[in-house]
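As structure tokens, the structure follows; a few thoughts come after it.
Just so it is clear, A, B and C label the chains in written order, and each chain counts residues from 1 on its own.
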Amino acid sequence: MATKQTQLLARTLLSPAVVLLLVWMIVPLALTIYFSTLHYNLLDGDSGQFVGLDNFRYFLTDPAFLASLQNTLVLVGSVLGLTILLGIPLALLLDQPVIGRSIVRLMVIAPFFVMPTVSALVWKNLLMHPVSGLFAWIAKLFGLIPIDWFNDAPLFAIILIVTWQWLPFATLILLTALQSLDEEQKEAAEMDGARATSTFIYITLPHLARPITVVILIETIFLLTVFAEIFVTTGGGPGLQTTNIAFLIYSQALIQYDIGSASAGGLVAVIIANIVAFFLVRIVGRNLEA
Amino acid sequence: MGQITLQNVQKAFGPVHIIKGANLDIADGSFVVFVGPSGCGKTTLLRLIAGLEDVTDGRILIDGKNVVNVPPAKRGLSMVFQSYALYPHMSVRGNIAFGLKMAGLPRAEINRKVEAAAATLNLTPYLERKPRELSGGQRQRVAIGRAIVREPKAFLFDEPLSNLDAALRVQMRLEVTRLQKQLATTAIYVTHDQVEAMTMADKIVVLNAGRIEQYGTPLELYEKPANLFVAGFIGSPRMNFVNGEAAAKYGAATIGVRPEHLRTAREGEGWPGKIAVAEHLGSDTFLYVDAGALGTLTVRHVGELSLSPGDAIVLSPDPSRIHRFDKDGQALRS
Amino acid sequence: MARMATNRRVAISTIGAWLAGFLIFFPILWMVLASLKTELEAFAIPPSFLFFHWTLENYVTVQERSDYIHHALNSIIIAGGSTLIALLIAIPAAWSMAFSPTKRTKDVLLWMLSTKMMPPVGVLVPIYLIWRDFGLLDSLTGLIIILCLGNLPIVIWMLFTYFKEIPRDILEAARMDGATVGRELVYVLTPMAVPGLASTLLLNLILAWNEAFWTLNLSTLNAAPLTVFIASYSSPEGLFWAKLSAASTLAIAPILVLGWFSQRQLVRGLTFGAVK
């Protein structure tokens, strides 16, 4: 029961967090905006000139940007699609009376807790290596030519790695949602004469619509900035084939030291993320009311 | 010792006026029940007395002292919550002792009082258990033990029996009443169940939409309801109300007759009708009679009456038991 | 139909689930197996699954390398430090929002969550420059600060949800029993909040340990945690696969164990309550 005294106390307790996050939000963002209007290169002598929106123009018309945008969309879209398409059946499976279910759960959840650098290297060296990797051996067993993943299908390789890492997340969310589905609803459907597939289409799937949306939104936010896997395996290459927006900005900032351009790119990334965040915050907000 | 008075107590949450001017005098040692439909404000009134909510206006006097600005801990009251609100991480002993610990009593005395309370409530074998290891009835008793051990000026009960099954509820009703008489401490008890109210109370406060409709003994409320609301709320099955001509004959806008005061006959003077439903309990017979323009009338007959749906019947009210109400719903007393 | 086929259903589900689980877990399993082989056998073709010369020599080598221990300590300090500091800031904040809510509380909470949705790469430039100018690059302090800020919204959010779950009437009962605000906090609230605190601590330790953006960009050697150390194995010189596997297994083992215990917290913390 909040009296005047408690309210003052409450506000004092809240302020450190608010102030910190405010500073964390505003200061770097403001600086990014400032830098994006400058011609600023750490290697260049004549840095610091105001060039207005030139950086944005160069960044957005740079073919590297278009390539990275495309890669980003392909990466995010594919991982989303794969994690959900595989996650739904996995969640359904784990919802069944399986013997040793908790161990299976552990196995399915594990990839999410492996650090990205380890995942990437395990896939790159132990599995996907064209000579000594496991996939190569399996291919040769079937008389096929082993795929040189990181040369011939680099983006697909990255997609595989990231999907492997995020599949547990999607599965776990969907499984949690499945387990909140009232058993009695399914029984009512059974009494009404519905068979397994009908129950799935008309009852289970609509119930999953909301969690699937949440999975899509949250994964998108985190997938937009996939970095470590690319850094550790391909370094963005060959060429630009595995460069997404995050990596492009990184390479401009810390490899080419072009601060101005990188800042402009950073802002573009922030804007894209904000659009997605807007929808996610709306859903979370609605849940807070409940 | 435990005399409580409310003077024009008001409570508003923003624009919503929950309690609209409550005036009440509760005698020391009496068992008073606040009863009324959902949302009538009975729990709010209880919490105002407890100090868990602040009044918007008015005074609350405990033994003559206005406690409106006194925090709950210092008012000397104990509360038993609907959900029991036991501390899950403490044992039964810890739960009961907590209030005494906060008061700074020495350990030996705390143990003595806790064990005495536990003995009264048959909780001694459970003293070291945690709440999650207890049944609903046992948890309830721990909540009561926690309340009595502090020897408060008054007990406040917030629908404490509503989470128990029917048989346990009846048993606990007796125990609570017995305990209160034994301790001779004022008790204010909130419930929506008018049977609980009628059986336990010395006096009942009937609340409706934030207003006290009537304050009296159970029998007063039964025999002399002050208005339509109280007449319809107290008594089960509900009182029969009749408007129009039949009422005008008695000089009222509405008249009310309790089901147990309607006499039945095959024919003769009175209100004719046809039986729609007949319930035979052996001890009583309940008849629901379709009386045409007068609506459906409920009849309660002590003992067995072998009538069936479809039978014709004539009902006549006991003339000394007719309640008359004016057009505003207020009772007319001759 | 559903009840009769139960045995068959269990059998099919079990086989299917174990198959899927095995496939998904396989890369990790393969890595652990590789860590137990000699370097030669680790990348030999055809690869051996069970019948190889089992050895712990890689683990010995990795443990002996002082730089592995150095980086492991860094991981512990960074993950632990950032989580503890975040808790220190978050506990009062979450407490005040859960128990003294105002009309603005919901908006403040949502705003805090939205800061987590900002892509780190968007502020890479200024953070890098600020860190450089303040001497925070490649420093434990620098990493602790940034990870703390990054995870703060999640810590606050999770604590808020746990605090909200404490039934209000138990706190009221404490007040009726004569407890002041301080004693209510110490004797009733905190003991009931401990499980929630532990869960939050756990999840954020994991997130901080695995963080691979700021750690890769803001540290090189001195303050580098295990994420960076493992990444340094990505250079083509030297095929230290067996040792890489051993180092990786050591690096992820504690987290896999902790992760098992924090599944439910994961759902709560990372979906921001949008899924119950």
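Please note the rule applied: a contact is a pair of C-beta atoms (placed from the backbone, for glycine too) under 8 Å apart; a residue touches a chain by one contact, two chains touch by 3 or more.
Values in this document were obtained by computation on a predicted structure and should not be read as measured data.
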Between the pairs B-C and A-C, the one where more C-beta pairs touch: A-C
Identity of the chain that, by mean CA position, is farthest from subunit C: B
Central subunit by CA centre of mass proxy: C
Rounded Å distance between subunit A and subunit B, as computed from the means of their C-alpha atoms: 58
Subunit B-subunit C separation of Cα centroids, rounded to whole Å: 54
Inter-centroid spacing, subunit C versus subunit A (mean Cα positions, whole Å): 16
Subunit B: positions in contact with at least two other chains: 52
Subunit A-facing residues of subunit C, complex: 1-2, 6, 9-10, 13-14, 16-18, 20-22, 24-25, 27-28, 30-31, 34, 43-47, 89-90, 92-93, 95-97, 99-100, 102, 106, 108-115, 117-130, 149, 152-153, 156, 181, 206, 209-210, 212-213, 216-217, 226-228, 230-231, 233-234, 239, 241, 244-245, 248, 251-252, 255-256, 258-260, 263-264, 266-267, 270-276
Touch list for subunit A against partner subunit C, complex: 2, 6-7, 9-11, 13-14, 16-18, 20-21, 24-25, 27-29, 31-32, 35, 90, 93-94, 96-101, 103-127, 129, 131-132, 134, 136-137, 164, 167-169, 172-173, 176-177, 180, 190, 195, 210-211, 214, 218, 221, 224-225, 227-228, 231-233, 245-246, 249-250, 253-254, 259, 262-263, 266-267, 269-270, 273-274, 276-277, 280-281, 283-285, 287-289
Subunit C residues within the subunit B interface of the complex: 167, 169-170, 172-180, 183, 187-188, 191-192
Subunit C-touching residues of subunit B, taken from the complex the two chains share: 50, 52, 71-74, 77-79, 81-83, 85-89, 98-99, 102-103, 146, 150
